[in-house]
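Note that the chains take the letters A, B, C, D, E and F in the order they are written out, and that residue 1 is the start of every chain.
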Amino acid sequence: MIGWQPIEYEQAGAEVRAVYDDIRRTRGSDYLNAVWRVLANDPALLARSWRNVKEVMAPGALDPLTKELVYLAVSITNGCDYCIGTHGAAAQAKGMSPAQFGELLAVVGLANQLNAVVKGAAVPLDERYRG
Amino acid sequence: MIGWQPIEYEQAGAEVRAVYDDIRRTRGSDYLNAVWRVLANDPALLARSWRNVKEVMAPGALDPLTKELVYLAVSITNGCDYCIGTHGAAAQAKGMSPAQFGELLAVVGLANQLNAVVKGAAVPLDERYRG
Amino acid sequence: MIGWQPIEYEQAGAEVRAVYDDIRRTRGSDYLNAVWRVLANDPALLARSWRNVKEVMAPGALDPLTKELVYLAVSITNGCDYCIGTHGAAAQAKGMSPAQFGELLAVVGLANQLNAVVKGAAVPLDERYRG
Amino acid sequence: MIGWQPIEYEQAGAEVRAVYDDIRRTRGSDYLNAVWRVLANDPALLARSWRNVKEVMAPGALDPLTKELVYLAVSITNGCDYCIGTHGAAAQAKGMSPAQFGELLAVVGLANQLNAVVKGAAVPLDERYRG
Amino acid sequence: MIGWQPIEYEQAGAEVRAVYDDIRRTRGSDYLNAVWRVLANDPALLARSWRNVKEVMAPGALDPLTKELVYLAVSITNGCDYCIGTHGAAAQAKGMSPAQFGELLAVVGLANQLNAVVKGAAVPLDERYRG
Amino acid sequence: MIGWQPIEYEQAGAEVRAVYDDIRRTRGSDYLNAVWRVLANDPALLARSWRNVKEVMAPGALDPLTKELVYLAVSITNGCDYCIGTHGAAAQAKGMSPAQFGELLAVVGLANQLNAVVKGAAVPLDERYRG
């Protein structure tokens, strides 16, 4: 294992602290998820990752809960346990109900099922859906 | 290639026609997507697949557009061109705007990016997110 | 595109011809699938790939048709169109019936579905199935 | 983590108990795998998932062991540890020998290898295998 | 299909033109790959994607050719034909020889093979490699 | 779980010992990674896997560190924790610096991101990159 240990605020240099401060301000919480404290081993990677998250997950044409559901669906498909754990919690914090989580699992399961069936049967795209 | 040819309504047996009729009724359209006409080569597979789609994609705790966006996010992650083509069209028909599609791509891209980074850095799940 | 063109028997050097000869002998057919003619651009890669295929796909504790079905299931899951096309044909040549192909698609679809659902719900492995 | 706890028989409502009863009857065992007890948090998801498993994994044109091997091959490819654990055990219960498991791993490994090589070399599908 | 058409320089607004100009300057070529002209349908997505590419693919602790080989390895594993085509060409432009491409395919194939075998055999991580 | 236990040198038969001896000689270390001791449950699978690793990972047109980086990039994309742990350590042993590891993560993340975005936007391959 590559052995990157989490870097706590007190140990961090100025560049990392600036990112930590912005995460805390944006999240409205002092807690820093492990992902940020581990990525801090490469300050440029930390800064770029956070900047992308902040821009992409902000409210826009899609509301924040819908964005979390989409993020969670991808993470489930890829089998990223850490991402399922943290974005599942984030989705709940933004209002995902148990019934919505159950339906999300059902849709994610169905899509994975039919993605495979369609590829296996080599279904050609209907003329009407071509670009 | 396995060589399943699409089965048109006129060629289909009673079991397949019953499914085709239900698809047309539920969709409010006579057009049958190629996926159904190809899966009709195995009537049990067709019937089961359609039953699952009908149940899972129906309005519930999540609205139909959110379900389509989740389905599309999984299909993009899995690289199923047919599924991206048909469910992209379905999402548009249910109201997805170009701006929403752009943000969906951004979230799907971000999740795929960070899923990989998190796995590569072997980030341990924070105590507070454990079940 | 990297631009490896297929190398026909007549153009091939001695090392590649030896592999081609063995493929023809083993397959009992003069036709060389495109995959071999393309991999021939790197004779060591060709020789190693063929040696592995010959050893692994030979009859053993699992019969050749079962091996083809397993190979096809993986190729469908990974969405390799070339592999689905050629191994689908190989499975048919070894006796896969249309009904068996339909059931294969159903099992592959189900496994992809439940793999995702299980990961999304973070189901812990039952004590009794631990190593 | 989303925090779905397993639901034991005694805690379950009538809809869930009916599924549990059918699983026990079909399996010929009182033990309920964790997957069912966790999915019971969404009774419709549980009922649909079980119905699909029961239909798809039943003996048909493919025998139950072959179906388990295919299911296991997909689960290995997707890296679903829970699914590998439970379906590995199920395959053993249906007669998979250690030698068969070793050959299954070899075929699954080979398919994953050549799926990647073929995609990387952009091998075009031979005319003779087109639909 | 969602139907985003490529946007040529002449049709583009000021925000998109600024990105196009920077791509041309950085690449030292007037040609704009299709990916940029398609992503231009969402100017924020285009700008963010390009900024990330420019930062991440620049020379650093890893040289540009090594970065291209890594990018290509991921794209092959994910089966992204467009990405294989363009980054294969980019790797060649940066000096990848045919022999290096053949060895890259071999390593990518081997990793995909053994990733699957290791997951299927549930190999536990050696104590000495734990973080 | 299928329950293959590691086989130590002292318990192993002659065929397995011959492979173990070659691994020790080639690696210049007595330690045998768990993967080899587990695969030893199927001597043919062990012998074939080791032979492939030895051939493919040897110095050639690509140097050993570059090969490890490519192997690691694939293992991260596939989420194989064992493979990330052992090949991360191997890359470090061959000279990968912390800064190089950070840039590797950045490139792997970027490729996974844009692979998805490109597939979702259905970008057609530029004429100039076609084979």
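FYI, a residue touches a chain if its C-beta (ideal position, glycine included) is under 8 Å from a C-beta of that chain, and two chains touch if they have at least 3 such contacts.
Please read these numbers as outputs of a predicted model, since none were measured by experiment.
Simply put, of B-D and B-C, more C-beta pairs touch at B-C. The angle needed to superpose chain A on chain F by their Cα atoms is 120 degrees, rounded to the nearest 5.
In this assembly, the C-alpha centroid of chain B lies 34 Å from the C-alpha centroid of chain F.
Centres computed as Cα averages put chain C at a distance of 21 Å from chain F.
In whole angstrom, the spacing between the mean C-alpha positions of chain A and chain D is 27.
Among all residues of chain F, those that touch two or more other chains are 1-2, 4, 41, 44-45, 48-49, 52, 56, 74, 77-81, 84-85, 88-89, 99, 102-106, 108-110, 112-117, 119, 121-122, 124-125, 129-131. Residue ranges on chain D touching chain E, taken from their complex, read 72, 76-77, 79, 81, 84-85, 104-106, 108-110, 112-117, 119-122.
Residue ranges on chain D touching chain B, taken from their complex, read 1-5, 44, 48, 52, 55-56, 125, 129-131. For chain C in complex with chain D, the touching residues are 1-2, 4, 31, 33-35, 38-39, 45, 49, 52-53, 56-57, 60-62, 66-67, 69-71, 73-75, 77-78, 80-83, 85-86, 88-89, 97, 99-100, 102-104, 106-108, 110-115, 117-119, 121-126, 128-130. Only residues 1-2, 4, 41-42, 44-45, 48-49, 74, 78-80, 131 of chain B touch chain C when the two sit together in their complex. Here chain A touches chain D in the complex through residues 79, 84-85, 88-89, 92, 98-99, 101-103, 105-106, 109, 116, 122, 124, going by the rule given at the top.
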